[in-house]
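Supplied in structure tokens, the structure appears directly below.
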Amino acid sequence: MALGETAPIIGIAFADILFVMLAAVMLGSALMVVLLRDIIRSGLAMIVCFAALAGIYVLLQAPLVAAAQVLVYIGAISVLILFAIMLTQTKAGPARLVFQTQSAAAAVAAIVLALVVAVAVGATDWGEVGERMHTATDTLARVLFDEFVLPFEVVSVLLLAAVIGAVYLAKREESGPS
Amino acid sequence: MINSLDAYLVLSALLFAIGTFGFLARRNAISMLMSIELMLNAVNLAIVAFGAFIPGLAVDASVIAIIVMAVAAAEATVGLAIVIAIFRNRRTPLVDEYDAMRR
Amino acid sequence: MDRVLKRRLKERFGDVLTGPIRQRHDETEMRIAARDVQDVMRALHDDPTFDFRFLSDLAGVDTGSHMQAVYHLWSATTADWLRVVADDLDRARPRVPSVTFLWKGAEWMEREAYDMFGIVFEGNRDLRRIYMPPDYESFPLRKDFYLADDAARSPGAGVRHMEQSHAPHNATADALVRKTNA
Amino acid sequence: MTTDTRRPSADDPRVLLDEEIGVYEQIPPYPPRTEREAEFYTLGDGQMFINMGPQHPSTHGVLRVVLKLDGEKVVDIDPVLGYLHRGVEKLCENADYHQAICYTDPLEYISSLFCEWSPVIAFEKLLDVEVPRRAEYIRVLSAELNRIASHALFMGWFALDLGGLTPILWSFIERDEIVEMLAALTGQRMLFNYFRIGGVNGDLNHEFMSRLGFWMSRATQQIESNLTLLNENELFVRRARGLGTIDSATALRMCMTGPNLRATGLPFDVRRAHPYSIYPELDFDIPTRTEGDVLARYLLRMDEIKQSLRIIDQCLHQMPDGPIMARLPRLLRPRPGRAYAAIEGPRGQYSTYAISDGTDQPFRMRIHDPSFIHLQSVGLLMPGNLVADTMAVMASLDPIMGGVDK
Amino acid sequence: MSRAWGRLTLPGKVVFTLVPLLLVLSVALVIVIAVFGGAMLDILVANVGIVRFLVAVTILLLLAPPSAFIIIYMEMKIIALMNLRLGPDRVGPWGTLLSTVHGLKVLMKEDFTPTGADRIVFTWAPIVVFMASVMGALVIPFAPGLIAQDLNVGLLYFFAVGGLSVVGLLMAGWSSYNKYSLLGGLRSAAQMISYEIPLTLSVVGLLILAGTMSLNTIVENQGPWFTDWYVFQQPLGFVIFFIAATAEANRTPFDLTEADSEIVAGFATEYSGMRFGFFFFAEYINVFIMSALLVTLFLGGWQAPFPFPELHIALDPGSLGIWLLLGIAIVPVVATLVLAAPFYLLRSSTPWWQALIAGFLLFNVLAVGAVLGIAYVNFDFVAGILWFMGKTYAFVFVFVWMRGTLPRIRIDQLMGFAWKWLLPASLVNLFVTAAAIVVVGN
């Protein structure tokens, strides 16, 4: 998209407005994921979070990663999680989510973690920080199937193993315990 | 200030912290898996941000991000399969009732 | 009319018959007591000289003084329909053994006879109402069935909870319904 | 762990009565009344109930089927009847012999002539009446036409339940033509009320004969062309083959008759097994198939259409002259006695057991309907199949709810 | 005043509110343009990319319901003719307005939420489904230059967005609090995930041939003769894509999600009013978009099947001078008379005025034809959009045809077909294509 011009009247770059909006949506929905009491809604909030993240990838000039994000995370993983939620919902399992007793401690730990990382990011000089670069799809493909061909193959084997393992785990034994 | 590597990294850190909180605070196994997904996404965001701002990393970062996604897909598949397998035996998705090892 | 069948039936079941074997048109009728139903049916079904493997019909009958369970059978060995009447069931507590061990398909016909006449088929594992509502109390095909009595007894009589919502608002009735439901 | 009272899960067979207080009604009323009910209404691991009907497009208000599902697989099935129950037997006991026939007419509204045929024969036996031969020929002729109409409609319904839109409208062309010619003969399109004790209501007329002649000249070809739409359709054949299989011994135990029984390989047909009317004089075959599955039941009915066409042809050629009604008094008072009559209809054996006590009303009239028997065997055929096949299997047995519920 | 207002009918109230409001608004608009016009124009020119994008999205959103109406009418009429029925014939000429009336009816119906439903999710589900199908149209090239956004990952974007509708269906199925809806939602999710894999894999071979994921470039590659269409180089891929697209669009024989004889209306069982309308529109827009993508990928998109001879009718109205005026004044009259003559002469029973009307109508038809012909020859995008729409609606017809002919497939057969047949076949297709390129390329 031909963004980058300054927005009229307010004088802020489009990219910055979009970044702030997407970041707000992402963080808000991420908080909903961990705080909502209805598990299906928190799953749906996770989808919103992923969609906002895909938007941020577009801002970072990585459209292929953004498309993969939508395809893999929203189209596959989220749907899988929604499936699992619907399968594990019965009389025995309440729909409402309950927090652990240590949730207060967890909140403190998370805030401390965020602060520490933020301070570290601010204090570090990242060296040659340049302008944002556009990643061309064909260069990416060339690198993926050239330099990264071994990791690529390893990942495909991993995926195969995961599929077989998941099928084995989730398959119901015919004479299993009822 | 906004359009800089730091901003993206802080965003990533916040997302990671939220994921951490969710993982520690939730009792439901699927909810914990979702928190792990959030953390993985935070890491991915950091990787892509580095790639966008540091010229030498641009292509590598995208490749790594895509590989991370593939691994995340594998992780989610196996994780959910385990949750469903346990759920089938114990009839509950709450992790603190998964105490087979303790007995 | 198949005279041979009459003779064979008399030979085989002479001791359990409670009445004469009657024949008219293409029908042969034999009467037995309720307690003999299972033995007779098994013999008719299994004996290769009879080979009555089709159960054509199963009916309940209220004669006014007693109940009957009537079975119609068909076999390739005769040109007649065979009617077996389990006679003289007590009108107050009609009971007859079930034939579902031979014909599983008799299950619903027995349910229907139970629903309409109140005949209890011992051995039928699913003997509940089939046409009428489950909380119905009368047996409509009995000769002493009287519609007005039945309406007073039926579950539709009186005010029901489900109809409450459409009725004009009535605080007393609402409170009553709530109390009964709580 | 808090339990959510406002939102019971999808497996909960309870129905929320009052949202304010959270009062539930349990379905069915517990404790269970019979052994079978207790077994059915106990949920196993990962199973759930689903109510198919009465408000379901395939059961359209006349039938409720409770399915016990494991995922998409049917574990058990419990049909709940009575939505169309009118108490026909009781009505017949309160009518005189002529009126009783009107009540039996709408039992199986697709094949009304057969529903009136068996009581008519039973009453004739009670009265010892000899029916004129021309009347018998007319009866067979019109009844076989009705059989074709019924089977044509079966083809359309069956395809509709498998998701095919077009066949039902194509088969309605044949059915409509037959129904129109029967209307010309009887004066009614659906509930003919044509057979009378001792004969039929009216003689063959010109409109009926001309319509029949024109239809017969192209019927075979037309029906064949309708059949190609389904018979040569790979999707249809694959869905129907091997589904809902039943063997002949089980079919006998289930008291099945008619095409459903013949599809298992037993050539039992009342027209040949226990002949009535003029069928012994006619030349026709009893088609059978050995597979006993949904496809066999469908194909068998299509074969029967051809046999019916043969019978109609012979009737037209051998039609004798003579009266169409026996001479009978206006008020019928048969001697006390009992009579049983069975005929072969498009769905199987229809029979009537009539008891006379010497008055002008039947003392007891028992009507046996094949739909009732065949619907029962769904419980035997369905377990292990998928939800999607429930309606296919049910449609292949061809029950008419008017007959099931009497 | 208030009593007079109370006596007004609803249309009257609407008119009396809207007319003054519109007057005030238009006056204000004129003033604003007069004062700020220059500055606004500058802003628009500076952000022409964004403005173009917004306009394109608006047009696509506005065009979605009418195209759904057209397809719904087509379906009603074609299936009716196949069933030997008449089909719609009351509203408008040949019933053409019936689908519009259906749309209005859906708008006016009561829109209720069942007790026990999750209200928020229930409300959002149809919107998600509708948006997912409309967003796919963003990257489809309708004609040369007529594309909302020519993304260089266009195809990937299409598949990614198409996958979003699964989420909407799951939301609808779960939130309705109805077991039929839940079954339908789970079925549709399983079906769409399964068929997305062969759908995506079947075009990978094509991508290797094309060397790009931009749909515009893919179309440009397929010219100028019809032999250059990818369907001749990727016949297997085309067949797989067609089958998988049928399943993705939930059309017969893969319409298990709304199999009315099995699970009522599937995920849409509890929906009514406009929320149901969204599902309904989404289904037909999906049919259109899937046909459009099929045409774009395999049948040359907006390319004509053969190169049209370079014919540019140079028509410069200015140079005609006074003849232009004369032409406008005289040609219709003369042509009408000339065209009316045969009607009047050949059938003596035709009165003169009927012949004149017929001649005038015929002249109009010819004139419109001539204008269209000139436009076709002179403007690329007119020719492009004609060919594109022609091919697309041919495939829409095929989808409707299948619905009129085929019965429904069963769920286990559906899954088995996807995993046991389509997936291996698409892998074979990919392998053969890659091998052929290696062999031929070296």
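Should a chain be cited, it is by its letter among A, B, C, D and E, assigned in written order, with residues numbered from 1 in that chain.
Keep in mind that, in the parts below, a contact is a pair of C-beta atoms (placed from the backbone, for glycine too) under 8 Å apart; a residue touches a chain by one contact, two chains touch by 3 or more.
On a predicted model such as this, the values are computed, not experimentally measured, just so you know.
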Least hop count linking chain B to chain E through chains in contact: 2
By number of C-beta contact pairs, the top two chains: A-B
Whole-Å gap separating chain A and chain D, where each centre is the average of the chain's CA atoms: 59
Inter-chain centre distance, chain C versus chain E - centres from mean C-alpha coordinates, in Å: 63
Gap in Å, rounded to a whole number, between the CA centres of chain B and chain A: 7
Distance from the mean Cα position of chain C to that of chain A, given in whole angstrom: 67
Touching two or more other chains - residue numbers and ranges from chain B: 88, 94
In chain C, residues with contacts to at least two other chains: none
Per-residue overlap in chain D, given as positions that touch at least 2 other chains: 1, 7, 10, 45-46
Interfacial residue positions of chain C with respect to chain D in the complex: 24-27, 29, 53-57, 59, 61-62, 70, 72, 74, 76, 79, 81, 83, 102-109, 112, 116, 125-135, 140-141, 145, 161, 178, 181-182
Interfacial residue positions of chain E with respect to chain A in the complex: 43, 46-47, 49-50, 53, 118, 120-121, 149, 151-153, 156-157, 159-161, 163-164, 166-167, 170-171, 174-175, 182, 186, 189, 193, 196, 213
Complex interface listing, chain A residues touching chain B: 13, 15-16, 19-20, 23, 26-27, 30-31, 33-34, 39, 42-43, 46, 49-50, 53, 56-57, 60-62, 64-65, 68-69, 72-73, 76-77, 80-81, 83-85, 87-88, 90, 92-93, 97-100, 102-103, 105-107, 109-111, 113-114, 117-118, 121-122, 126-130, 132-133, 135, 139-140, 143-144, 147-148, 151-152, 155-156, 158-159, 161-163, 165-167, 169-170, 172, 176-177
Interface residues, chain E side, partner chain D - complex: 79, 82-85, 115-116, 177, 179-180, 182-183, 187, 252-253, 255-256, 259-264, 403-413
Sites on chain A touched by chain E in the complex: 1-3, 5, 8-9, 14, 38, 40-41, 44, 47, 63-64, 67-68, 70-71, 74-76, 78-79, 82-83, 86, 137
